[in-house]
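Handing you this structure, nothing more for now.
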């Protein structure tokens, strides 16, 4: 008998807009010691399956059909009390975002021991806390004994996720449901967490339902793979089979999106367009402490080229960008744009520089004014260029067509667009000023893999058409690799290595570059990516 | 401490529990509280109140402005302080006209007055003691007067205006008042005046002129009033909440003729809600209602039904009127002023005051010497008004359509008077707007000719002492002042001025002889319609069942005489 | 912590100075507000008024008067114009009724506000929630003095169950204290109960949709434990600060209206009467007291907040 | 439509409903239209407003008297009996349920129903004006402080602290008493002492911090949003960013605050009037009527109940409507 058996599972929700069928007839089984990956893009219903198995969608008004059993015990029909004795005890769940998933006002040790005591009433408080220390230690948390007294916000993202894992394992469950457990983490941390899960499975014979959108991660850990799309299972099979010989067209397109983009032919580069020299930024943190967000960065973006900047969170990429577009003032150093010192530019000079140096933001949702229609958003740049008002609509329509959208999108609000569409609008807005260079801040990191590929294609096309220069910032080496002429690697506010893309990827000089590459390209021939 | 007892007959179980709880509360109240104990002990000798005398609770709607006699100038203060601070002369403890009669207080007899009316000579009684046991000296009188002036007693103009050297003392130019001479050895006291002033003895009957020890600090003592001579002494002052009147232990031995020694200890509670106060007296949880307050009209029915034997309306010597500014349109026209007098329905105004206003037309009220007896010149105040005539007069006067601001203060029913008055003015062809000003700002606002120069408004005046001169300050041209005006109608009438000049020096003892002249003057005032009188105030005398209602004297100057307050 | 207190203290002094100056100035510009006229008494002559003015220093420049008055406020010797008694003594005497009112009502509104809010949230959308919502909104919409007047009328005059107002010290007569305070407590609490119930309801609902509550359920905790240890523990934190500030406002005279309706002779009533008498010193002192209470309790609330929510650091 | 279950703000991200067409406003309006209670209470408030607007018609056609007309010594026929409007001891008649003195008379023998409607006009006018003043000042202060931060924020925030630490009733009463006689002379504007703008100004100013502070907070967080950066990077000026980017994002908060403030303004005006610092004579308002009524309570409870219940009805209408509107806009106030 399998550990988990799901037959013809259907889940639907009543929403304001009527009933929505989130999962439609999913059937699968999971054995002990097996890692089953549930793969799909956002909105495919994969998380709903995990939550439904845990009985956590009941309060959201979900209606379920079909059957699901854990070691023969019915999950869908179980009473609340029955379910409660299973949850956390025989099945446990690790969520995507460890900061919001841990109670902010309770110590982590308390939160772990609470779960132990909920299922093992005979265990005393001190004993449970001792177990928590042990679990945290085993989950790879150094200094576990002192960290049990920490509050979640005092730990790093990776630590928090380890706490979540320690908590999930506290009652030695048979089934672990991991819902995008590494999505919110840096690549190096992600690699560590995955290694931990692999080690766990070997040690405990636990079955893991691993929910993710990231095929790279799947390749790393899964025994079998389920592919979901719009609430339905489209394909399932062994990891090897699915990854190397996908049957269903959707699976194929999904994999295609992950295929490595061919390296660009190195271009003859022009004159320096944007230059920084010894750029440093220090923020005050508290009374005397200072944080050196940027430390002596000297970079040059040449006319017509794409310069990729990679680094993990906290490397100073965002600060660099904010300096370049003059949202943050550098503490020292200079910025030159077309030979002109713009470090302290103000007023008219700044306005003319800004028109030529535009930016595309990471979060397409946050960077578009939610209360304005697309037409208005695009008209802003036209107004600055003193285009007559009568032409705005026509020109905005043209811009949309340039980025692959249609004129009717002009009357939409940002929330009425998909993520990819929004990012296109963001690019169109940058283009509305007719710039020479674009600063791209993680332009595809919030997009699904298929959409991501499309947006990157668009950027390449625009560059070819208009001779734009790009400074592209990303934490994702694969994104940078496919579109950049040269790559700069940042760490702790410093540029550790700059070089032509091919050179840098084939023979990294700096040790940190090597670590980065190693943590993301573990399986040769297999391309991975992370959001 | 006030406990409510129930007057109606039925008892639900819940009420029984509440009552039981109340009983418990009474026991836990340590017996120090007011109304339960020792009602049988009657003060055996009329000479004094002792700790074993019963305690009666008197309610006051407004706290006395100060219980220091040198400061207190409100009726609430006088009501208490005149029993604790006897002066050289005082009033008879009696109701009605008899109460207005002056008798010797700490002096052996009424003073001898020199022929020019400017020198008063007194002799202090011998062997008097203050409530703290100190001996009373003649020089204490001078000190008491100095103290009242120095601390700023509200009526000190009666002292500084007439006593020789008092003005200089007030301004700090002299260390003592040269016009007062006292001999501690003989007890002789002489007071010299700058000009003869008829009511001067009445001035000396104020508690502010009551003797206090010369060792009393020259600073306000409202919470710990100084020692005095009188049947009572003021103790346990909790400002704005309560104070006690206990028997003066040294009084019994002195027993001054005409001043009763009192029967009960008095506990005064300040209860600003007159509904609540009236209820408390009605159901006997308090003993005396504040005569300065009105029993709400809405409760009067119940009072008449349940407590007619312990409720009465007492006339006070006070007049309510609308002043009519003779120096500004429209009331610069006598016809317009007459119209107002024709048009006012005093019966309506009386209803606004819960029926406690006696409609009238003369400035000098009933009970004040000089109150005219003749009919009113512009219609019977107790009958329907003549609105038609009033309209005609306004048209005749040419003032129709003139805007008029009607001033008043928010205290009921003064605001209601103004509302009514404005509607009357509108009905007879003027354009009236009501202006309500907080009570504290009111005198300064309407007294400001320079900036405000009010056209008409409500004002009430009650006597300081039983002499018509007091009232005629309000029509005396000398009271006109740009910012502290008291002659609100701004009347400057030569006839009134000449009459005042000759009537004002007439001393209290000879007042009766000039009553006809005062009557004629007051009729003249009514004829000129300088003011529009509403009527005279009646006030409630209202006690609990256990109080001997008949024995309680309602004094014409000081109201309920607590020294006559006793159990049945 | 010490830095926080020092900064707070400095800010507080600035705010208090501004408030005292403002109060003082408001009364300076009141027409007919000249205290000398009132103090000189009825029918006083202009010369006498001038004397009073000189004696009390009303003829001096405004800033001089302000500084003198503030000096007296600080060394506790300021006296009222109308009764010439020490204002600070008077306020100390008026505090027991006000504190009785604020504490009692505070406990009542906190208890019922939390009770109704939680009940409403856990039955959201159902009949009980709807009924409680209506009750809460009616409470919020009812002026306290209207409610007070109705209570006084029905329980005092008509049924004669409760006293008609006034204050009895707790030390003298606990039961009398209770019966005298019952109606004022209710009248004052009702609106607050409504507000707290609404605020807590929405706090609880927000918290219930937090990820960590989902985690708590995934841990297999009982619904009760989820509610108490995870939902309430978090959603009560803002209530603590709300309560502290409201309590400060009531202590400092925010309950003026209720004190007047029930004749409690508390700080608020003292302030109201003093305003009516245009008596600046008591108004000034009460205003400063309230502002002080608001600012101090504001700081206390912030400290408490930081203690309850480890994410908060004490800053400005 | 079933109400959303507890704890459900929205379904999990994965199953967000397909974006409904139209602007956020249309969305809110659709939600609002579905909530019958919200509409019913909004209707209640509108009904009160309409009644008050029709006051002159009622006075002329039905009651045949004006709001300030005295009938102290008159009589009125009720069901064949002749009754005095005000008894000789000053007790006014209660509701007659006839055209004259439908809701009884007050101490001055004025028709309570007529005064109620005229008073309602004043109460509502003061409430509306005060709300307008509060919102204008609060938006100005909140936006400037939140957007420019630094010194501007410091000064404005301290200003809010001062108003906030001032107990509202105390500030209101002090200002009310101060301005009741002479009015306010600002040089340019001179407010007459009887003007309704005075209480409106007092009430309006008192509430400014309650709106300005949350707005400032929201501006602070909006300012960190990328679309503001985007506008700056494009080279737009501060004024345009304030007016065109920030303000539209504040409107739902502002809109949610309006009914809340209207309700509170009406309540505070009543409180001030009770203490004699609100609407000045001869204008009636619900607050002044209540204050007068409370003085006459035991014999004439209708003088308390009539204006009180009307006040509660109006404020309740606004409150429930505002509550529903907040849900519809899904904004926090």
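Each chain carries a letter (A, B, C and D) given by its place in the written order, and its residues are counted from 1.
In the analysis below, contacts are C-beta pairs under 8 Å (C-beta built on N, C-alpha and C of every residue); 3 or more make two chains touch, one makes a residue touch a chain.
Fair warning: this is a prediction, and the values are worked out from it, not measured in the lab.
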| item | value |
| --- | --- |
| Most central chain, Cα average position | C |
| Pair of chains joined by more contacts [C-beta pairs], B-D or C-D | C-D |
| Separation of mean Cα positions, chain B and chain A [Å, integer] | 87 |
| Length of the line joining the C-alpha centres of chain C and chain D, rounded to whole Å | 22 |
| Inter-centroid spacing, chain D versus chain B (mean Cα positions, whole Å) | 45 |
| Computed distance of Cα centres, chain C from chain A, in Å | 50 |
| Shared interface positions of chain B, touching two or more other chains | 275, 437-438, 441, 445 |
| Per-residue overlap in chain C, given as positions that touch at least 2 other chains | 30-33, 157, 276, 278 |
| Shared interface positions of chain A, touching two or more other chains | 59 |
| Footprint of chain A on chain D - complex, ascending | 1-2, 4-8, 11-24, 31, 225-227, 229-236, 244-245, 248-249, 251 |
| Residue numbers on chain C that touch chain B, as the complex places them | 30-34, 37-46, 48-49, 51-52, 55, 79, 82-85, 89-90, 93, 156-157, 160-161, 163-166, 168, 172-176, 179, 263, 265, 270, 273, 276-279 |
| Residues of chain D touching chain C in the complex | 2-10, 158, 161-162, 164-170, 173-175, 177-178, 181-182, 263, 267, 270-271, 274-276, 287, 290, 293-294, 297-298, 301, 304-305, 308, 311-312, 315-316, 318-320, 323, 332 |
| Contacting residues of chain C [partner chain A, same complex] | 3, 210-212, 214-223, 225, 229-230, 233-234, 237, 308-311 |
| Residue ranges of chain C in contact with chain D within the complex | 11, 14-16, 18-19, 22-23, 26-27, 29-33, 121-125, 133, 137-138, 140-146, 149-150, 152-153, 157, 198, 202, 205-206, 208-209, 213, 249, 252-254, 256-257, 260-261, 268, 271-272, 275-276, 278, 283, 286-287, 290-291, 294-295 |
